[in-house]
Amino acid sequence: MNMETIISIKPLLAVLVSLLVVPILVLSGKRPNVREACTFLAAGIKFLIVLSMVPVILNGTQIVYTIAEVIPGVAIKLRVDSFGMLFALVSSSLWIVTSAYSIGYMRKLKEHSQTRYFCFFALALSATIGVAFSANLLTLYLFYEMLSFATYPLVTHHQDHEARSSGRKYLLYIVGTSIGFVLPAMLISYSLAGTLDFSSQGFLAGTGSKPLIGLLCFMFLFGFAKAAIMPFHSWLPAAMVAPTPVSALLHAVAVVKVGVFCVARVLTGVFGTDLLFSLNLNVPIIYIASFTIMAGSLIALSQDNLKRLLAFSTIAQLSYIVLGIGLLSPKGMTGGMLHIAMHAFGKITLFFCAGAIFVATGKKNISEMIGIGRRMPVTMAAFFIGSLSIIGMPPCGGFISKWYLVLGTLEAHQLPILFVLLTSSLLNAAYFMPFVYKAFFCRPEDAMFESRVQEAPAFCVVPLVITALISVILLFYPQPFLRLAKMMVQSITGV
Amino acid sequence: MSEQYPALLVVVPLLSALVVSIAGWINKRLCFPIAVAALGVAAWSAVGLLLRVLDEGVIVYKLGGWSPPMGIAYYIDYLNGLVLPVVSIVALLNLIANKKGIEQQFPDKIGPFYTLYLLMVTGLLGIVVTGDAFNLYVLLEIAALTGYGLLAMGEERAPLATLNYLYMGTIGACFYLLGVGYLYIVTGSLNMVDIARLLPPLYQSKAVMAAFIICMVGVWLKMAFFPLHAWLPNAYTYANSAASSLIAPLVTKVMIYVMIRLMLTVFTPEFAFTTLAVSNAIVWLAVIAIVMGAVLALAERNLKKMLTYIVVAEVGYMVGGAWLGNRDGMTGAILHIVNDALMTLCVFMVVGNIVYKVKGYAFEDLQGLFRKMPFTMGALVIGAMSIIGVPPTCGFFSKWYLIVGAISAGHYGFMAALIFSSLVSVVLFFRVFEICFYEPFADHHGHDNHPGGMDEAPVSMVVPLLIVAVILIVVGLYTGDIVNHVIQFAIPETMV
Amino acid sequence: MKIIGLIITVVTGALLFYAAGDFPAWSDPASPASTYLSPHFIEKTMEETSVPNIVTAVLADYRSFDTMFETAVIFSAGVVCFFLLRISRREDEEPETRYYRHVLTGVTIQLKEGHKMPPSADFERIDSMWTPPDLIIKTGCRLLIPFVQLFGLYVIAHGHHSPGGGFQGGVILGASVILLAISHDLRTAVRRMSEKLIGILCAAGVLIYACTGALCLLLKLNFLDYSALAGILHVDPITARSHGILMVEIGVGIAVLATMIWIYNNISSAGRYRQGL
Amino acid sequence: MIWPIDLAILTLVVVAAIGALRVKDLLGASILFGSYSFMMCLLWSIMGAVDVAFTEASVGAGVSTVLFVAAVFRTSRRTRD
Amino acid sequence: MTDLISMVVAKYNYWIYITLMMIGLYAIIAKNNLVKKIVGMNIFQTAIILFYVSIGVKKGATIPILEHGHGPDAHHVVHAVDYINPLPHVLMLTAIVVGVATLGVALALAIRVYNNYNTLEEDEILAQIREK
């Protein structure tokens, strides 16, 4: 299938907007209002640029921009296709919301070094969009590493002992795997194929021996440790020491989604479905993902700290996406890609809620939150919606993606996986619903919940309401995400 | 004037060194402007030469008007055309950045310092540009002697460390001289191109093989290639920062250049890789160099010394790359000369700034530096990224070529060593960053006047540093052009 | 360390012995070294440079660029010695009581603080730099030094026709001053040639060399191509080369002379200039 | 050139070199090194390298020895090997 | 056997230079006294100079200064076989000067070391450093 391509600088602009705003943020560090206005402005512009490319993409055209030809056959090159667009749309829209939330959260808690915080946030967003728009493995790797390093100061924002050890763990896993696995795998692929440009059928097809391709496949799969596939997952719970907006955007949306996005990109664009299928590589991928789903969900059950619970939930949910891609069936892949968007809106709502609770009450553990629904009804309602979306029940967007995943398992004749999906949904319900129930219907143990309704600041509450609403809306109007995912699957499989 | 660039390149720094020396006795304030102007001219000529080479190909400059092999000639081809601008620009930026540091450390010896500095640059530029094997030895000695002088002025341990460097450096230079003598005895010529023309029928001669090995050992001694590296860490660590940030980026890299020049021009790649059949062993030696450098760096609790071990490891990168015996490896090695010079400069200049402000470079002295010196530390971050090999900084791309070369040579040990050293670099630098990031800055006098305040080095030190940091990224982005238009032609076509 | 040294030595030696097997026999007129480049130098030097001493011609003309850097090497050694050793702090400059000795009679007088000695050649100061008088050595050296210096000048000037040249002459001239410093004391030598003068002379010597080359550059020929000087010297290009060689030899002589003294001064007094040997 | 003389001087050179390194006094080592240089100078003049011999006589046997002696005076004569 | 003897005799200069070089090299590596090492270094350098000068020697040739340079017989034809190869001499002039320059710097450094540690024995200095 021949894609029409047009050359435009827009993708680069989309990446650069948040990069160029950094100096302005640094300069306006003394005046928080100006600084945050700039953040908003950049987020808005970024979103608009991304949005302006949507119609073009929906027409089946690709946008390409080459920054520099660095190595023969490999350039630092941006290309917007439907899958990248889907991801960029999610992350850029959520940046706006998160910026608003950050302002409320950071100001209320009087956090230190807010300028640094906003700067690296913007940097991380640039990297995320860059990953989304990467046209080849090198560019992907570039932005992937940039994201790793840009998020380090965010993760360790508190600069205390705990942040320090978490930061170490974060770097060890993320950078260690990317340099230890992805870099050599990328270079071996380059010497095999002579190119690194993603193509819809994969560029490794027809090169290399079977064991080598298999080895490469797993090096990539585990190398993108941001995807938190077990056993390379334990950085994610550790990274929860970060301020909640960071956890929300980066560890529920940007960083981990970049991980799975990279895995999906590599599986489809480097290996190609045919190659994976012919070498039966998809089966181990599916089983690894399934194991991660089950294990993550089970561990989440035992967590008391709300953010850690969400972290393990994320680990499980991420593997849904890997699983969807690994099924190699059109429906399954659609479901996997769609889940990036659906899970993003659901999970960010949940994180916002956790943060709002922390801002309003200072509580972190579920056991301390019994009856909190009386004090923060809006927040907890949003939490309920978010958890429905994660469990995959109507009326939330999560239902659609899970539906496609289930269809995909049937299509691929992987009935055990269907069982895994259903069980994990039950487990999801099992760790979310009791909390929601206790929050609303149990008598508060803590006297502070008896008092009248007292929500977190408006800057915190409004964003979470918005994301909760979007989660609902996505069920009824899943466009353009569904369309984008289907287009991508079509270009890969031809169906 | 442009046809005289080759002469200007070397002669202007030499003349200015002499003028600065005289000016040092008369008016010390004249020294710095003269030195900067001279290095500016040198950098200008170097860039001009590179452009001319790109236009016209190899340039031959006959000194004294005698045509080679009677007289001495300069050959500027794609290989040294690339290295010359790097050497001159590194020297220029470092000079500007260290003005304050020099005035702080040697208030009454400014003249001699600049004289030695300029002579050293003269020597290094001459080594790169010359086409005569013996002339190279003389220039090598100039660079070495001035280097000893510059390095010995530092901490208490500096003279002893430098004396050890002097012993090793002299043996190295003498070995090189002996190798040249061996070549002379069998060919009768001293001109590199001429030797290359006369050598092929003699490749089976024991004397030629010995000449090659002796030259290589000599050059390795000078570049501190494992296991001949023992002199380097101490010599560079205890020196003053202006000297170490000139010598650490340039000397080892220029020696790598000499090695590659010997391998490619004087001898042919066929001789080096096929006739001798030692390349595999040398690559394994490079692997050990990289691993040992990384591990020894890990054991240090002192920023500057840690960086010197990284220099040792980087030498392993380049030697290994050059000896992989294929085009990609050689490209990586040549590219890494450029990149490593720049990134070593970057990190050593950072150390210079830290020493200027904090008066120390042990890990304990670094606490809270991110807040205190944000620009300096920002540059350190970029330099570290380059050493680790994170795109788009230039260090990534040379590592790319080196690894691709290792893969196509089937030398997975070398690839593993490169990856290992990247991983260790991550640990090394993030250990430093952690210290700079977390602990509050402890004031030794017990009272902290500006808690959390910024206390950056002077602008004249920070601006060159930031320029270097930007260059690191720009060079990275232009890697494609450098390889396609320059390095590709620097490697003989016979090498695949 | 001794065992490592022995192993390295034996291995290197074995390599060298092995390689020497392929050398042409010693003093073989047919060896490549004797048949490839040197015949040109031997047979054409006179025509091309008009200098009978082939070594001088090759040194200062064919390979004059080497020689310029050789001079620069010695210059940088001087600068390095100064840079490393010279201590210019004068903490204990004037002691409270000073002693002077009347040279002819040997009467020593003591001066308390504040008093000054009128400048006079009859008295010499006794301090840590002072060495006891040794008449035979002093007189002998004083007699010898002019001849040494004359010989040094001759060696420089006659380098075209006989062994010698700038280096040898410069070293001899330098040695004459060192002889003065050894036989008398460092102060006497420094009084004759002050540190500043030496420092400037060092650089000036190399500068003469480099400027000769640069002059050729300005006269539109390559660096150090002395035939360019023909125009300003009003001679033919071949003779101009000969004159050019003389100019650089003088430069070399001055540089070497000054540097040798400089290095000696710094090393013998460990940079304090208070006492020599 | 007369090879017995040549051979004799070569032997002396080696003896002087070993002596300079073995003697347990740095001043003695300096002087022996001077004699080594002087032997070398003789050797080279036998070989016809008059300019080199001249230079070695003035630099190696002359100035170098003086520098050695000066440095030994400024430091110490003591040596253990 | 005669081959071996003739080889030994034909190249005895080379054997001596290698011997001297090895003496110097061993001294640099194995000697403990800094000045002794410098002496070794100089022996090492001189050995190489000896090697070069040996290259230039030519049987039956005289020193490389032309007779009848100027004067009535100035246009006397010069034959290369009559004169010793001058090129190694030129190179070695440079090398000697480099050697004395290195010597000066090395001695200056040794004096600096002595000022700091009051000894020239390397092991004693290292012991002092370790104590600090």
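For clarity, chains are labelled A, B, C, D and E in written order, and residue numbers in each chain start from 1.
Following the convention adopted for this analysis, contacts are C-beta pairs under 8 Å (C-beta built on N, C-alpha and C of every residue); 3 or more make two chains touch, one makes a residue touch a chain.
Values in this document were obtained by computation on a predicted structure and should not be read as measured data.
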- Shortest path length from subunit B to subunit D (each step joins two touching chains): 2
- Message: Taking the mean of each chain's Cα atoms, which chain ends up nearest the overall Cα mean?
- Response: B
- Relative to subunit C, which chain has the most distant C-alpha mean position? A
- Distance-maximising chain from subunit B - centres being C-alpha averages: A
- Item | Interchain centroid distance [CA atoms averaged], subunit C/subunit E, Å | 19
- Message: I'd like to verify one number: the distance from the centre of subunit B to the centre of subunit C, where each centre is the average of its C-alpha atoms, in whole angstrom.
- Response: 32
- Query: Between subunit B and subunit E, what's the gap in Å when you average each chain's C-alpha atoms?
  - Reply: 29
- Message: I'd like to verify one number: the distance from the centre of subunit A to the centre of subunit B, where each centre is the average of its C-alpha atoms, in whole angstrom.
- Response: 43
- Which subunit C residues sit where two or more other chains touch them? 16, 20-21, 23, 31, 33-35, 37-38, 41, 53, 55, 59, 63, 66, 70, 73, 76-77, 80, 84, 163, 167, 263, 267, 270
- Query: Where does subunit A touch two or more other chains at once, residue-wise?
  - Reply: none
- Of all the residues in subunit B, which ones touch at least 2 other chains? 134, 138, 141, 145, 148-149, 152, 159, 184-185, 190
- Message: Judged by the touch rule stated earlier, which pairs of chains are there in contact?
- Response: A-B, B-C, B-E, C-D, C-E, D-E
- Note on the structure: The residues of subunit E that touch subunit D in their complex are 12-13, 16, 19-20, 23-24, 27, 31-33, 35-36, 39-40, 42-43, 46, 49-50, 53-54, 56-57, 61-65, 84, 88-89, 92-93, 96-97, 99-100, 103-104, 107, 110-111, 114, 119-121
- Query: Mind pulling up the subunit B residues that touch subunit E in the complex?
  - Reply: 134, 137-138, 141, 145, 148-149, 152, 156-157, 159-160, 162-163, 166-167, 170-171, 174, 177-178, 181, 184-185, 190
- Which residues, counting only subunit B, touch subunit A once they are in their complex? 381, 385, 388-392, 397, 400-401, 403-404, 407-408, 415, 419, 422-423, 426, 430, 434, 437-438, 476-481, 483-484
- List of subunit C residues in touch with subunit B within their complex: 15-16, 18-24, 31-38, 40-41, 61-66, 68-70, 72-73, 75-77, 79-80, 82-84, 86, 88, 196, 199-200, 202-204, 206-207, 210-211, 213-214, 217, 221-227
- Query: Given the complex with subunit C, which residues does subunit B contribute to the contact?
  - Reply: 4, 7, 11, 14-15, 17-19, 21-22, 24-25, 61-66, 69-72, 108-109, 112-113, 115-116, 119, 122-123, 126, 132, 134-135, 138-139, 141-142, 145-146, 148-149, 152-153, 159, 182, 184-190, 198, 205-211, 213-214
